[in-house]
Structure formats: structure tokens, C-alpha cells
Amino acid sequence: MDQPDPRTTDLGFARVDVDRARRTGDPEVVYGAGKTPAQVVEILRTLHQRHPERAVLATRLDDEARARVAAELGAHVDDQARAATLGPLPHPRGTVAVVSAGTSDLPVAAEAALAVRVHGAGVDLITDVGVAGLHRLLGVTDRLEAADCLVVVAGMEGALPSVVGGLVGVPLVAVPTSVGYGASLGGLAALLAMLNSCAPGVSVVNIDNGYGAGVHAARVARQSVPR
Amino acid sequence: MDQPDPRTTDLGFARVDVDRARRTGDPEVVYGAGKTPAQVVEILRTLHQRHPERAVLATRLDDEARARVAAELGAHVDDQARAATLGPLPHPRGTVAVVSAGTSDLPVAAEAALAVRVHGAGVDLITDVGVAGLHRLLGVTDRLEAADCLVVVAGMEGALPSVVGGLVGVPLVAVPTSVGYGASLGGLAALLAMLNSCAPGVSVVNIDNGYGAGVHAARVARQSVPR
Amino acid sequence: MDQPDPRTTDLGFARVDVDRARRTGDPEVVYGAGKTPAQVVEILRTLHQRHPERAVLATRLDDEARARVAAELGAHVDDQARAATLGPLPHPRGTVAVVSAGTSDLPVAAEAALAVRVHGAGVDLITDVGVAGLHRLLGVTDRLEAADCLVVVAGMEGALPSVVGGLVGVPLVAVPTSVGYGASLGGLAALLAMLNSCAPGVSVVNIDNGYGAGVHAARVARQSVPR
Amino acid sequence: MDQPDPRTTDLGFARVDVDRARRTGDPEVVYGAGKTPAQVVEILRTLHQRHPERAVLATRLDDEARARVAAELGAHVDDQARAATLGPLPHPRGTVAVVSAGTSDLPVAAEAALAVRVHGAGVDLITDVGVAGLHRLLGVTDRLEAADCLVVVAGMEGALPSVVGGLVGVPLVAVPTSVGYGASLGGLAALLAMLNSCAPGVSVVNIDNGYGAGVHAARVARQSVPR
Amino acid sequence: MDQPDPRTTDLGFARVDVDRARRTGDPEVVYGAGKTPAQVVEILRTLHQRHPERAVLATRLDDEARARVAAELGAHVDDQARAATLGPLPHPRGTVAVVSAGTSDLPVAAEAALAVRVHGAGVDLITDVGVAGLHRLLGVTDRLEAADCLVVVAGMEGALPSVVGGLVGVPLVAVPTSVGYGASLGGLAALLAMLNSCAPGVSVVNIDNGYGAGVHAARVARQSVPR
Amino acid sequence: MDQPDPRTTDLGFARVDVDRARRTGDPEVVYGAGKTPAQVVEILRTLHQRHPERAVLATRLDDEARARVAAELGAHVDDQARAATLGPLPHPRGTVAVVSAGTSDLPVAAEAALAVRVHGAGVDLITDVGVAGLHRLLGVTDRLEAADCLVVVAGMEGALPSVVGGLVGVPLVAVPTSVGYGASLGGLAALLAMLNSCAPGVSVVNIDNGYGAGVHAARVARQSVPR
Amino acid sequence: MDQPDPRTTDLGFARVDVDRARRTGDPEVVYGAGKTPAQVVEILRTLHQRHPERAVLATRLDDEARARVAAELGAHVDDQARAATLGPLPHPRGTVAVVSAGTSDLPVAAEAALAVRVHGAGVDLITDVGVAGLHRLLGVTDRLEAADCLVVVAGMEGALPSVVGGLVGVPLVAVPTSVGYGASLGGLAALLAMLNSCAPGVSVVNIDNGYGAGVHAARVARQSVPR
Amino acid sequence: MDQPDPRTTDLGFARVDVDRARRTGDPEVVYGAGKTPAQVVEILRTLHQRHPERAVLATRLDDEARARVAAELGAHVDDQARAATLGPLPHPRGTVAVVSAGTSDLPVAAEAALAVRVHGAGVDLITDVGVAGLHRLLGVTDRLEAADCLVVVAGMEGALPSVVGGLVGVPLVAVPTSVGYGASLGGLAALLAMLNSCAPGVSVVNIDNGYGAGVHAARVARQSVPR
């Protein structure tokens, strides 16, 4: 019943927005949760054909989807991030430091890091610097200050963004993770902590939303470096 | 019992952190809630004496506090933002568009705008562009695209950041407000909506935290413009 | 121990209300969740025998239940809506536009659309018009205005009903879906957003309750067209 | 900084949307909460001057605001609804039955009733028919069936919409109220109950939102009666 | 390390309280959730040996546990209640009417009914009398009035206890069930509704706690009939 | 518009249900919250005139309302319960032990005790027996066992009903109070604790609802004593 | 009706537990919230007369109560803690370091410090060491390590206990405060953060419960020092 | 990219903190949730090699992980605690009484007990002393008083810490468990109850966090006994 729209491509099971790059300057992205591996393959293929010169990102891919996009499309798979890219990554402009608290937060940090790269900035990944062992965090202050934007990932009590935000004045996006149990309430405890950070200028995204934080940070970092 | 610390000044009722500018590049700020007007006056005076060459900001000031800082210190008062500044505002680098949905959201937007100015960026204030009357928002798309960072303020259902984030690719910080009643739960409904925005790259601060959003946005805008 | 009641039929595992049509003018409906495929077949068969001249609806059917009602009863199955009908659909009176935000919201929209048809109105299905890509929604304003009632389906931040409700004055029922993760709280974020809509006249049903919205909208649309 | 827009009137403290009637067919409305009596007077006056031929509605007015709009503008005040109208009410098309459970729910029911009238439908007000005394409700079944739409208002356990919705098949909008204490959670208990109604087709608005329910119901009732 | 206590029997994996009957006049009960079928068999056997003259109850038994207590101990199994008894049921004193709203509430109602019998009262089971079809409930008013205590079981909006409590003055215990989805929040909506009942004297137990309601009601009914 | 109904008396501001005693065997009750002192006086007077031979109860009366019902009607006032009665109390049948944990819980316990008396049973009031000082509670076990029903009132952690319910087998209604702060969440902590009591047969009413518990308990106690 | 109990003293409006010191080794304490100044005076006087040789503590006293206990009893008043003591403080055994994050947390820290002293330990008060300025906290590590127990007080995101708990292995009790706004939810955000601390061995008390933390810490510190 | 740090050992999938014992005096611990059995084996082996003279603890191990650490490393497995230790346990200093309410709480109590032993204190395990059968708890008062610290474990209504805390003055850490259903909200009901305990000095850890309570208690007990 709907009219065809030149700004979308209809695959039957999905209308792919092939106009977003023009509107916002960002690449196309496939959110894999709830899609079959075959659907992910088909959407990635379509987007890549429209824009072979730049990378397309697919996130939240299960094992089978990651295997199939690699085998059928030659996509580059990042198992820790549970994601894949197809097409050449852009040349990085500016740097985002992706900082994570514990080992269990790594998948979210990896998703953020990949999103940063696909959206055009470079990444400095700093892991295992949780607040219960401050010496490690204090040892990387120079790297924090050198970044154009920070993505700070933590679960449980979500204290890391406050500590980092007190050390340096770089724009900071905090990502709460669902790591924890009981009164962590699936990540709500960390989310609330980050929203109440006593360090000024901390902004926050949804629980486990490494992708969203990466997009925000890449936009900030990109425009911090003159072309 | 504590040792004196050159990085703080002890007023008896508060230890003022006079080292923050060096650490993070940002000005000093006084959070006025829970402080007496006399305390606000005293802290503002102390901070101003240490750094007379740049502005100090005081937020969440009641009527009496605003009157006294104006009378006793010659501070500049912003009644809508319920805030005051003392000392010269910095020359603006970059531009933050502060966008608000409804009339009741104006105090939070005004606090954000003032924080942006004090933290060194310029402001383009765009008000009354709630999603229930799209024509007004669509009419200012050029101004949204011209900004280096966006602060988007909305209460009730908190839909405005999603709509704005779908129009332009500028870094965006969303501020939920406590405007609403019943199932708005004091702003939690808007906060949750913004955290779940379908537009990528939307980051969020605490309910009514115009100040925090302004700090984040000013940092982003400042570094987007080469010195 | 209970007395037999002419207004119900006792199947042993359920008492089927065969009087509802007389009382409310609506068809019989089987809610399939928690029932075995055999029970669904049996109830559908019974209701159909009592009223062979009009359609009976069964919702929330798993794959096996849908397969069996098709094979054993010749029911018409709607896989996207996860539902089935048995008996002729009524002639449509009035039109309900069922509007959905994203691909993941389609099952709920499809359930709503089928409920509308079974309850006697016609459907105009408008999909993939999420608020992050306004151009698509603005392109279908004429169809929104032409409807007698709107069912607007959205997950995540649940902003679509506010935007639609600001464009046209048609009665509008909003359906939050459980699409999302983290702070979407299983659809509560979208539900709260819709209850706080700044567009007047938006009413809301339970999360994922396409059926309930369809019933409400069909009643409104039916009576909007003189017989 | 904003361009003037012929569709709004700028009063300094508010931009009044004077275009809504054209867009949605509904009258202008002033939400009085958070506005001073002087502001309410000014907005009402402005809207009335633009459209003297039809009523303007102001809701959530405190005692002083109601007194002033009566004295200064000759507005018609409804103390129970805490609201006022200025200009002639439209000729009613169709009927909305506004049904309320207890005495404490009356202000919300009255606001709904007035909103119905201002939005162009007639009202049949049925009060004190709470579920703990069914005989009264059963005595008014004919009036429920005669309505084109129902607004059902209840606090505490919010059971009334389920019982009414089981009696008749008329479109029904439920309004939870904040009447109650303790585990009523400010009306959330009633809101949740109504969202989970076992009667099909019940839709719900925000706690105490008589106005919103009235708008929805009036639209339904108006279009149920051929011009 | 603990001293042996004549009032308990130690099975290694559990200390069985064999003194409760003396202290409270009630039979022993085994809560089966989280226990292996072998443990349930062993505890039932032990309790039965201590008190062969009266029934022991085991609740929340899965299919295997029910099969084994029947096969190995000759226990009487109630599949709907997911429970079993071993030993002769007591002669009933007084009557508890167990009233349930919908088919899905039956397991909880059955557990309540069996608990009533084991705790010494008689049962009148009244099912499928949900509030959306009042005629059925009104048809059993005599049976409600004839009972010494009422157990009223309902999920979704939990309205049935309010309606029943308005019809008769018999002591009433309400049981919310987890039947529902979305905003039913696993039964919390029904629980809150029942706690806010406008009918006086309604008391409430935990979600799905048919057993607890049955114990309360049996105690009330037993003592209502002189020995 | 409504028809007069012999079962109610219309006072203009309220329809008084004068039929409840016939239907449920209980006296009339006025819930004073949200009513003016003048309204309370008028309703009490009306109910008393219809049934001068038995007591009418008014609860939740502020200081002025209590003073006026005493002065104008000669009502008996209970300041601790914040309630009043008019007319002779019934001869007590059976005994309810009202047990409270701390001094701050006394107003709720007093309301429960008065409701018990008005609804026809006798009261044994046992106060200050919180679980942090068990010796006092263990010293009154005989009085607990002698009662026909127990009302157990506690705030904070709400542990008292579990301890009492483990000591005796008398029917028990628990009343959580709003006594506490912080994580007591206005009484929700105590409410949840009571709903999860490990002692079987504990039923619960709303926070601070001494009246409701008293009605339930009085009904139980009354029928436990043969006429 | 109750029997006199030698372990309590009945003041009419309260039964004072004069046996607690024997049972738990701790002094008597008066919780002033909800008590009149006259009642506080009377209870303090009574407790002091029974045990003139040791201090009695009264917490949560408003201005008038503090003034009256000073004037009428000669009590020692601590305005910041909003508390008072009567009688000689015990000789301190062991040391509790009371550590607080921000100026607004001082009243809770002061209550904790006074409770520690009254319960027999010494205090080292360390203030204004919030995580957004780590240099101050790192400068007092020696004092943290020298303590026998730590009480760590923080509002907003509640991160301080995690950082302190990562620095030293001293037993630590965390106290969330209600300092914050919006998503701090009255201190729940800080409470949840502390319960999810990644530093092992952190235990937590209720929001603003400086007293409870002080009691726990004093007990730990006292027994850490051999008599 | 990170620099090597002598205080950690990098296993590729985790950086093991081998410096914690020096910093806090506590042993290394492996949190097994979310780790593969092979990873648990590898981390345990590494930590043991660094400190063969003292025990390393691994918690939250599933059946396979426990089997493999026993078979491959000769670790000592505690099936009830779902944990394992490798290396000699330290000589116990002081005693922690671990007290649990019901059989279902035993795994959490066992984890606490093992953590106490590994962290250097002795354990007195007291089980099945729930508040619904006080006689058992009162029978062990001597053992409670003899302990240097108490860990009190309970699910459902979480009342046990309040009762224990009223009996003795020993430092007490409460552990809520997730035992329960419905309104227990996964252990939140018990958690809230414990935070609101009327017994002074009760501190609380996260739901099911036997380990954290054990660490706190062992630290307290160790330092209570002079070396």
C-alpha cells in the first residue's frame, strides 16, 4: 500500500534506510538482535552494494550470524564485540579513549570501540582500570588527557566515570553495563550512579549500549580535528 | 585534624576546590542548593578573588541568594536560570544550540545555556519546538545543523531528542525535565525515553541537570573550533 | 458443583463465554498463551460451531498451534500476527490506520490489524515510520487524516504517538511494545512515554497489546460510518 | 533570534499555538499548572480574541486564577473541575458518558466532562457507582449503552473500567486517579490495574488526566453522529 | 555442631519441624520448590510416619515429584494444584468458598482449595466468575454468603475481590496471581489493586500464594463452627 | 440526572450508602481524608439519624474535625486513632488482639482497635513488643493464644507478624505502617516483608490501613463465638 | 492491661527499654523523629537518672528539641549532627575513621561520629574527600589504614566506598545519603551503588543512617583493642 | 597498548591482580560467574603459583568447573557453597557465627562460611533457625554471644537479623537471599527489610552475597583477637 521511497530499499522483511549518511554524516548500521542470520546477510549485502566505498556495521550478532557474514560476504568479524563490518574503515580523525572497569565489561567496550572506528575516529582502548585498584587508572592519566572524547564503561556500582571525570576535562560518555547480580537490577544501579555523577559533564547512554556511546564519541572526536 | 592543602581554601563551612580549572580546564562552580545566601556570597567572593579574570558560576539560587549576590558582589543574575555569574564571561569558541520543548522546560534550558557560556562556548537558544507541533522544529533545521553540539531539553514523554537526533548528525546531549505529573514520575518517564532513543548517539544527563549538559556541550563545542 | 449456565459452554478445561457477542457486539476471541494446541483447536471449533456465520479470532499462538488450527480446522493463519481466524471476516465499516515505528514492532501491529478486521473495521497498515526518519511519516499525513481511528505502535522511547497526535486530530490509541533492552524495562519506558504524551487525546493500552488496541479502534471506526 | 511564525502568538512568557484548531479540529487549551493567574488571564484573553466564536478551555486553575478569569474576562468557572471556559460552548454532537467511582474522583470526572463539552460532544455524568456497590452501576446500564463513548474514572484499585467494559461494548477510556494512600503509589496501582483490564478494548490515560480522556472521547463521540 | 532437638528430625538435607502441629494446630507441610523428587519423598515419608493419623501436604511439586510420591508412598496427587497429600484428610469444619476469576488462575485456586481441606475446613470451589462477565458472579451470591471465609483468586487487574467484598460481609482473603503480561509486572498489578480495594476488610497474600490464603481461611472457617 | 435510590441518601456533596449494614452486616463508616470538618459532621449526623441504635465510625479526622464532631454531635473522640464514633458501641463478641511493634505504630494500632470495637468484637491491645526485644513478646504468648484473631502492626522491617505467626495458630492480619525513612520507601519495605512472611497464614492489608485490618479481624472474631 | 516489666520504664507516651545495655553492651538511645521536644526531654531525663554514669544519645532532634535539652537538662548539643548527649562520654577504645564525600553529607557523617563516641570508640573525621578530586583522598591513606573500622558517607553516585575499599583492608560500613536530585531517587542510587561495590567486604546501612553505621563501627573498633 | 604492570599478571583473557594481598591483607579470589571452566582452572593455577603458601578462593563455580579444579589442580571443592579453594587455609583467628534461616538459604551461608575461613577467621555454622520457630534460635544464644562477628542469612521477609540483633550486641552483617517468589522481587523484599532493621548496628550486603559478608566478618573477627 505504501508508495516507494527513493530514500529506502525494501527487502520485504525490512525497509533499509539508505539515506542516513547524507542526513547525519554517519554510516549505515544493522542492529542484529531479533534478526535471522539470513536477514543480517541480506541487509549487509544491500547496504554494502549501495555504498561499497565505506564500511557498514552490524551489531549484536550471534555466533551463527557472525560466521555467515564472514563466509558469505567476507565481512570482518569482531568476536568480542559480537559485531562485524563490511567495507573499508574510514581514515581515523581524532581519538576516542574507550576505558573499561572489569573483564566482564569488555564486550560492551569492544562494541563501543568498533563503533568509534566505523564512525570515523581512532580508538585507544584502556581496560581493567576499575576503581578498586586505582593505581592502574592513575598510571594512564596521560592517555586520558590525550583523547578527544572518552567512553567509560562499567557495571556493578558504576563508579569509574566519576573518578575519570574528576581527573581530566575531556568530554565523557558513560556506559553502564548489566554486569552484576541482585541489587544491580540488570544494570540499573550502574545507570543511576552514572546519572548522579559528582563529576560535571558526564553524559550517559542506555545499559550495554556501547554502540550509542561510540557514535556520540566519534562525532565529537571527528570534529575536534580540523580537516 | 586534616593537613592544609594548597589546592583548596577552607571557609569553615566548605572547602573550596580552587584547583579544578588547572585539572580540567573548566571554571569554578557553586551548587547553591542547601546553602544559605550568606554561604553562597562568601564562596563566590572567595573564588572570584582567586581568579578575577574569569567568570565563576553559581546555580540553583533562590530569590534571596540571587538578590544578595547582585547587591553585595555585583554579580550578574539570570532569573530564569536561577543562577548568577561573577567575573567576565570567556570569549565564545564554537556554538551550542540549546533546544527546548515547552515553556515549562525553560528554566532548565536557561541553566544549560548559561553553563555553556561560562564554560567557554556560544549559545543559540531555540525554544518551544515540542514534537506535537513539528512545523516549528522543521523550520530551524539549519540552526541545528550549524551548531557544534546540541543540548535538547524536554519533559513529559521526552520525545524531542529522538526527533532532533534523526534530523541532524551533530553531537547531542538530552536533558529530561521534571515537568509532568502522575506517570511522569518526577521526570523518570522522560529520562527513560531519552535513554532508549532510537536515534543513535543521543547521550543523557540527570533530570533537570541543565548545568551538566551545558558543561559537556561546551567542552565539545570549544574543541571543535581551532584556536 | 456450579449450575449449568446457558450463556457458557463447558469444555472441561475451560468455560467458553458464548454470550459476549450479544452483550458487547464483538466476536469471540481465544487468548492462546498458556493453552495447549489441542485446547486451542477445541475452543476454536466450539465457538465456530455456535456462530459459523462470523469469524472467531485466536491470538498468541505458537508455531504448532497455528499449524494445527490450519490443518484441522482450515483456519486462516497470520504468521506475523501469530494469530488465526476461523469463519468469514465481517464487511469492513470505517478504517483504522495501524501505524508502526520499526521492523521489530511489526508482530504487534499485525495483531492489531487482524483484531481490527475481525471486529468489523478496515485497515490501512503504515509501517517503518519511526520518528528518527520523519520524512516517511510526513509523507503519509493524508492517510493518517483519512482514517477514522489510529493505532500507533512503537517500542524503545515510544515517541511516535506524540508526533502523530500532533499532526492530526483523529482518535488515537497508542501501543507500547517490549522492543528494546536495558532501561527499556521490557516496554515500561515506552508505556510511560505514551501516558505522558504532550499531544492531547492519546490513550494507551498494555505493552504488546495489539489486540486490545485493535478492539478499541474498531469500535470507534465502525460507529463513525453510518450503516 | 527565532523568526516570527504566523501560526503562533508570542506573549513574551509563552508562544501561543493559534493554529491547532486548523490542524486537529480541536479548540485551544491552556494548561494552568505552573502559570501565574496573570499569565492565565493573558493567554485566555489572547486566544479568545483570535477565535471569539468558540470556547477556549483553561484547566488546573487554583482558586485565585479562577476568581480572576471570572472577574476580568467574564469566563465561566467550574470549581469542581478547577477549570474555566471563555466563549460559547459548541453545539454537542454525540454523547460521552463520564462515569466515576467515588466522591473523591469527582474533580477528575468534572475535568473530563468539561473537556468533552468544549471539544464538541455532550455529556451524561454518572457518579458514585464504585464496584463495592454494584447495584448502582447495574441500574444505569441503559445509560452506558446509550453513550457513544465512555470515560470511566476511578482511583484506589481501579476496577471500575473492567466491570463497565464487561457490561457494554461502547468505546471506553479509563482514567486512574491519585485517590488512595500507601500502596496506591499516587495512582500507579489504579493505572496498572486499568492497563491489565480483562475487558477488551479498554484504553487508558495518565493519572488524573481527565482532560486527555475527555479529548479522546469527544473526538470519538463527535464522529459517531453524522452531521 | 548443633545440639539435637526433640522438636525436629534431621534428614541430613533438612531439619523437619515435627512440632508445628502442637504449636499452631496445623498439619506439617512440605514446600517442594527447589527440592529434588527424592527429597520430597523422604520428607513426606518421615512426616507421615510421625503422624500417620493425619494428612501431610506437599506443594509446588513438578511432574516427576508428583509421580514419585504417588508411586512410592501412595500419596494422593492433585495435578491442577501441583500438590499431593499423604494420610487421611481431616473431617471438614466450616466452609471456605474458593472463588477464581479466569481459567489461568485455576492452579492457584486449586492449591488454595487443597490447603483448606488439609487444614481442616470444607471447600466450595467457584470458578470462572471474572468481573468482565458479572452475571456469573451475581448468580452465586448465595454460595458466597453461605461460606465462613472466602478466598478470592485473580490475576491481571485483580478486581474480583473488590466486587465480591462489596456483595457480602464474609471474611475475605485475596490472592493475586501472576497471570498477565507487560504492565502486570508478574502479578504486582493485581497485588497492588487488591491492597487498595475499596471494599473494607479485604486482606491479601503474596502473588500465587494459594497455600497461604488457604491456611488463613481454614483457620477462620474451623473456628466459626462450634465443635 | 440520576434516579433517586432508596439505598442511598444524597447530601449534595456525597451520596451516603445507608444500605451497607443490610448487605454485609457491618456499620457505616466515614473516611474523613479529603473531607471538610463540616462535611464530616453532616455525614455522621445523617448516618446516625438513620441508625441511632448502633455506632457510626469516622476515621482519618484532623484536629478540627475531631473537635467539631465532639462539640456539635457529642461524638466520642479517640485522639490517638484520629477517629470518632457516634452511637452506642455493640456488645463485643469474640476478642481481637491488636499487637504493635513500636511507639510510632500506635496510631495505626489504635485505629485498628477502634474499628474492631465498632464492628462488634472486643479488643486486647498489646503494644511495644517489637522483635528487637523478644522478651516482651514471649511474655504475652498466652494473650495471643487466647484471641480469636490477631492484628499485628509494624513499620520499618515489618518482622513482627512472622514472629507472632510462628508462635500461635490464630488467624493473623498484618498491617505495615509508614514508620521509617530512606529505604523503608514509605512503608513498602514492611509491606513486602509481610507478604513474604515465612509463617503460614499471614494475610496483609495496605500500609497504615488499621481500619481494614480491624474490619477483617472483627468479622473473624464475631463469628468465632456462637450467639 | 499489660503487666509491669522491670526491664522497661513506662512514661505513659513510651515504654523506655532500660535493659538494653545489659543485653547488648550498648548505651540507651532516643530516636527523636516524631517525638515532641517535651517527650525527648522526659525520656532523656529518665534514662539519665537510671544510668547517670554513662552517656545517653538523642538523634534527629529539631532546633527546639536541641535548645530544650540543653537548657533543661544541660545536655551537650551537636548542631551539625542534630543530636545531643547527656552524661559522660565513655573512654574511647579503638578508632573509627568517618569519611565523607561532600559538604552536604556532613550532617550524616557527624551523626555517625557522635554515635561512635557514645558507643565507646574514638573518631577520626575526614571530610570533603569525594571521588571527583582523588588527590585529597590519596593524601589521607595513612589515616584510613590506621583506623580499626571505617564509616564512609556519600550521596549522589555513592562511589566513595568502592574507592576507599580498594585502598585499604579495614572493615568498612558505607552510608548512602539522600543528597542529590532527580534520578538519585532520594538516595536509592547511592544505596544501590554501595550494595554493588566491586571492593570486597563493603557493608551498607539505610539511607542517612549515620547512627546505625556508627553503632556497627564502634562495636568493631572497641573489640579490636584489648582491654 | 597498555604498559606491563608488575602488580598484575596478564593471562590474555584476564589481568590477574596479584598485589591485592599486600594492599588489603586479603587473599586472591576468583569470581567464577561468566568464566569458562578452563579459564577458572588457569586463573586459580596462576594465583596459586604466585602464593603457594596460602589459599586462593574461587566462587560461583558450576558443576563442571568444580569437577575440573578438583581433577586438574587438586583443589578442595565445597559443593554446597559452589566454591573451591586451592592451597592451605590460614590458621583461624577469632570466630564468625554464620547463622541462616531456612534450608534454601544454605548455599549462601556456605559461601559466607568458606569466605570467612579463607580470609583467616574460624566459623560456627548455625542453620535452620528461622523466626517462625523461635525456640531454636533462643537455644543458641550462647553461641551467638561467643562469636566475634555474626553473618545472618535469610530470604523471604528477611526478619532474622532484626531478631538476632535484638538478642546480642556482636557486630552483625546481614545477607538477604533470593529465596522466595512473587513479591519477594528476587530478594529485594529481604534486602529492604534488613536495611530497615529496628535493631541498631545491622549492616547489609548485596542479595546472595555470602562472599562479601564473609570478607567483612572475617576482617572484624581477625582483628578482635590479639596476635
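Labels A, B, C, D, E, F, G and H are assigned to the chains in the order they are written; within every chain, residues are numbered from 1.
The rule is short, and it goes like this: contacts are C-beta pairs under 8 Å (C-beta built on N, C-alpha and C of every residue); 3 or more make two chains touch, one makes a residue touch a chain.
Everything numeric in this text was worked out from a predicted model, so none of it was measured.
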Query - Those chains which touch chain H and also touch chain F - result: E, G
Report task. Name the chain whose C-alpha centroid is most distant from the C-alpha centroid of chain B. Result -> E
**Report entry** Separation of chain A from chain C, taking each centre as the mean of its C-alpha atoms, in whole Å
**Finding:** 36
Query raised in the report: How many angstrom between the C-alpha centroids of chain F and chain C?
Result: 45
Query raised in the report: Where in chain F do residues touch two or more other chains at once?
Result: 133, 166-167, 182-184, 188, 191, 195-196, 206
Report task. Please give all chain pairs that are in touch with each other. Result -> A-B, A-C, A-G, A-H, B-C, B-D, B-G, C-D, C-E, D-E, D-F, E-F, E-H, F-G, F-H, G-H
**Report entry** Residues on chain F engaged by chain G in the complex (per definition of touch)
**Finding:** 103-104, 124-128, 133, 135-136, 139-140, 179, 181-184
Report task. Name, in rising order, each residue of chain C that touches chain D in their complex. Result -> 23-26, 29, 148-149, 166-173, 191, 195-196, 200-206, 211-213, 215-216, 219-220, 223-224, 226
Query raised in the report: chain D touches which residues of chain F in the complex?
Result: 1-3, 5, 7-8, 13-15, 17, 19-20, 33-34, 176, 178, 186-188, 191, 206-209
Query raised in the report: Can you list the residues on chain E that touch chain D in the complex?
Result: 101-102, 130-134, 138, 156-159, 162-163, 165-167, 180, 182-185, 188-190, 192-199
